[in-house]
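Listed below are the structures to be examined.
You will see chain A twice below: alongside chain B first, and alongside chain C after that.
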Partner chain A sequence: MMKIRRNQMLTIITLIVLVIFLYWLNAHRHQNGMLVSVLTKGVILSLVAVSMNLLNGFTGLFSLGQAGFMSIGAYTTAILLIPVKNLDGVYYMNGISPSIRAFKELVAASPQAVQILFPFFALLLGGLLAAFAAALVGIAVLRLKSDYLAIATLGLSEIVRAIFSSPQFDQITNGSYGLNKIPNFPVMLWGAIPSLITPFIIVAICIVFMVMLIKSSYGRAFKAIREDEIAAQAMGINLFKHKEMSFVISSFFSAISGGLLAMYMRSIEAKTFSITMTYDILLIVVIGGIGSVTGSILSAFLVTAAKEWWLRFFDQPLVIGGWHVPLFKTGFRMVIFSLLLMTVVLIYRKGLMGTNEFSWDRLIARFTKRRSAKGGAK
Partner chain B sequence: MSSLLDIQDLKVCYGGIVALNGISFSVEEGQIVTLIGANGAGKSTTLRSIMGLVPITNGTIMYNGEKINGMDTRRIVQMGLVLVPEGRRVFPNLSTLENLKIGGYLQDKASEQRNLERVYDLFPRLKERYWQLAGTLSGGEQQMLAVGRALMANPKMIMMDEPSLGLAPLVVRDIFSIIKKVNETGVTVLLIEQNANVALRTAHQGYVMETGNITMSGPGMELLDNEEVKYAYLGKSR
Partner chain C sequence: MSMTTILQHCLTGISLGGAYALIAIGYTLVYGILRLINFAHGDIFMMAGYFMIFALASFPWPIAIIITLTVTTLMGIGIERAAYKPLRSAPRMSIMISAIGVSYLLQNLSTYLFTAIPRGYPEIPFLKQIFQIGTISASFVTLLTPVLTIILVIILMLLVNNTKTGMAMRAVSKDFETAQLMGININRVISATFAIGSLLAGVGSILYFTDRMSVTPFSGTLPGLKCFVAAVFGGIGNIPGAVIGGFFIGIVETLLVALGYSTYSDAFTFLLLIVMLLVRPTGLFGEKTVEKV
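For the complex of A and B:
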């Protein structure tokens, strides 16, 4: 009982510290540009990583379609949110479809309340479209297993990308020119939550939902399917229903993350959501530990920070005492990054967290163990 | 007395190969019934087709007065007929408790708790090890867990596919005493075994299967004394 109380206290304190930190960061965002962008990108990637983990780690469906669903979310959000006044500039080659323009003008002329909520509606719609696409496709591809499912979903993701960049959709997706002038994150609660903090709130809500799902009896059924399909079926678990559910939910949250990514990057093109994107997410999931939500979140931040920030100096020319150190030039960072990845995977064979979740008990035990020599392990 | 499970002329084909060639047998309520036979006789196929995991070609499967062939596995489990699959098939990376809870997947919260207590009563060992990953339990404990997991569905009848597979003789004895104990709580048991000796000693009624057909039947002890059975399954030389 005492332990539970203590852990709750620690969690609440940590959350408060995080919130205070975010508000501090918001006030000093201009001096900490790099930190802000790494944290924002990290939090967006952590959402898609957790959603991929739900599918790959918890349900055991090896799917590589994340980028495709992200692009559905990103494009929906972008098309709906580009301000009317910028439309001609964005769609300068082919013009925009008149019905979309009419709809956007309608929204722009609607009451303030609608306009405030509209960005969230756009994110939600992107998620729902992706979920719908996943539900349709799932009927066909979820019959496949392991590697075959991976290849089918990979192909699916590429098809989505090809459709978005095809000339037939020039007036909607602007084809291969991509979309820009996408507005930044909206503020929430009439400005009480500034635009910088919005993605953190949205991602937190989404991840909490997924954690609750995993802890429910549905989550247990997902894990049973991952462990042994035949035994799960013999327990009366409907395999298809649960696989489809996991696939649809995972796609929904991938699309939300895609929409947030569009707001963060301010401009997107179909190429952004190529296979490389899925691999980056897979990398985060594997490094964090397949089957660990906190692992995915942790590694989303670590991988983003390492890739975009901490290793930057490897890209700069380095001169020590007049000696120009070789290799230190643009691109060297990625070599070091790859080496680091290999090292991490070799040391932590099951990812940083394995299948464990973060717990205060374990963290505290880790520190106290060192002090009191060798305690009884359990 | 009416049978709980009644199978008539059951035929199952895998592609062009006939696995079950029109077998008929029945299981009386409250009994332990065993199907014995060599590898490939079609024992596992029988159980899997009853559970609706394998499509059947012909025949009827009546359970508790209802025709269940072609029915969804989920419905069959809800009706109180559960399978303990061959090779135990516990979920290795989940804890003992999680395994048990998945067994009671179709039950509501209140009966889940009731069933859990019942299983812990039968298998105190599982209670001791509730936090342990199922894959790290010993073979005998895993078999207990597999039986416990099936009991979580609050079954009327439980079907076991080779519970003695890969276990030491002493552990096999334990498992069979567990089966008897489960049966004494009112659960009907259909048991599939290669270990004919123990199975026939435990069972009220026995059937002998050979390449897709039932060739002999009778009370367990009677079959045990049968010369043919002794020769074919109990290692007696003619």
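For the complex of A and C:
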């Protein structure tokens, strides 16, 4: 009982500290540009990583279609949110389809309350579209087993990309020119939550939902399917229903993350969501530990920070005392990165967290153990 | 479209299909034995392109071809030893992730070594010679590709059906453990499989890039995936099936590009994959597998 209360206290304190830190960061965002962008990108990727983990780690469905669903969310959000005054600039080649323009003008002329809520509606709509697409293809694709499912979903995401960049949809997706002038994150609660903190709140809500799902009876059914499909079926679990559910929910949250990514990057093109994107997310999931939500979150931040910030120096030429250190040039960072991934895959197969979740007990146990070990040495 | 243009496109398609077929064999052999989609196979093919560029810079073409093929083969064996062998007893998902990791590594490594800027593929003079057959004109490589593909496949089939290594390969693909019990050296058979697959990918790479003119670190990804689709289409584990799948995808893709749907030519391949997996998961010539508990 004491332990539970202590852990709750620690969690609440950590959350408060995090919130205070975010508000501090918001006030000093101009001095800490790199930190802000790494944290924002990290939080967005942690959402898609957790959603991939829900599918790959908890349901045992090896899917490589995340980038495709992300692009559905990103494009929906972008098309709906580009301001009316910028439309002609963005669609300078082919013009925008009149019905979309009419809809956007209608929104722009609607009352203030609608306009404040509209960005969230756009995110939600992107998610729902992706969920709908996932539900449709899931009926067909989820019959496939492990590696066939992987290659089929990979193919699906390539099909989505081909559709978005095809000249036939120029007036909607702007074809291969991509979309830009996408507005930044909206503010929440009339400015009480500034736009910098919005993605953190949205992602937190989404991840909490997925954690609750994993802890519910549905989540237990997912895990049963992961462990042994035939045994799960014998226990009365409807295989198709649960697989479809996991696939649809994972796609929904991938699309939300895609929408947030569009707001973060301010400009997107179909190429952004290529196979490499899926591989990057898979890398995060594998490093974090397949089957661990907190592992995915932690690794999303670590990987983003390492890639965009800490390991930057690998890409710059390095000179120590007049000696030009070889190897250091553009691209070296990514080589180090892939070697790191291979090390995790081959040697530390469990990743950061394995299938464990973060817990205060383990953290404290680790520290006290170390201290007592030191004491013993004296 | 006139008859000549159609024939011209068909010829291009057959040539592309030949290169695809050679790559697809690599997928089908490896999948047949290890039940692994070797995601790195497309990147081995891309690396072979770079090897050729560098070999041809300092050697005459016959030696350059030999060097390219040897290095590619060694690389294939090396990748198997380093990245797949340690995971022999691990779940299938980890070995597939390892394959994706190797593909990621090869792409990043070649971006680092050769930069992402497309590099011109050197011309081998006699391959680029233009032939005129009636109203159709074609370079020598276009005519050579399908012929060479078929010759190589026949040699491979003879190898698989008549030699001891071939027999061991068939045994391992039927049943891994029993083959081991019968005294077959599994690791040697797997190495041989990867060697053959990489060698054919090397040949395919020379034929493919001679027609395409340039290599980038990412030019292996899509052909790789397409060739896997070709292998699935023909029935995975089946060599003639992979060849027919390769030719089919090559021809349809070229025709789609000719008709002006070039953005959909990639999507078509994957649509074909999904439809095929749903309608006939064993492919055109695949054997029916029995689900075991």
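Here, the second predicted complex is superposed on the first by the 367 of 378 C-alpha atoms of A that agree within 3 Å, B and C clash if a C-alpha of one lies under 4 Å from a C-alpha of the other, contacts with A are read in each partner's own complex, and residues count from 1 in each chain.
Criterion: a contact is a pair of C-beta atoms (placed from the backbone, for glycine too) under 8 Å apart; a residue touches a chain by one contact, two chains touch by 3 or more.
Model, not experiment: these values are computed from the prediction.
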Partner chain in contact with A:I230 - chain B first, chain C second, else both or neither: both
Which superposed partner A:A135 touches (first chain B, second chain C, both, neither): neither
First (chain B), second (chain C), both or neither touched by A:R220: first
Which of chain B and chain C A:N238 touches, first, second, both or neither: first
Touched partner set for A:A305, first chain B, second chain C, both or neither: neither
First (chain B), second (chain C), both or neither touched by A:T355: first
Between chain B and chain C, more extensive residue contact with chain A: C
Touched partner set for A:V187, first chain B, second chain C, both or neither: neither
First, second, both or neither for A:M334, with chain B first and chain C second: second
Doubly contacted residues of chain A, that is, touched by chain B and again by chain C: 230
Residue numbers on chain C that touch chain A, as the complex places them: 35-37, 83, 86-87, 90, 92-94, 96-98, 100-105, 107-109, 111-113, 115-116, 221, 225, 228-229, 232, 263-264, 266-267, 269-271, 273-274, 277-278, 281, 293
Parts of chain B lying in touch with chain A, wherever the complex brings them together: 51, 53, 72-74, 76-78, 82-83, 85, 89-94, 98, 101-103, 105-106, 149, 153
Partner chain C, residues of chain A touching it in the complex: 56, 62, 137, 140-141, 143-144, 146-148, 150-152, 154-156, 158-159, 162-163, 165-167, 230, 275-276, 279, 282-283, 286, 290, 329-332, 334-335, 337-339, 341-342, 345-346, 349
Complex interface listing, chain A residues touching chain B: 217, 220-221, 223-224, 227-228, 230-238, 291, 355
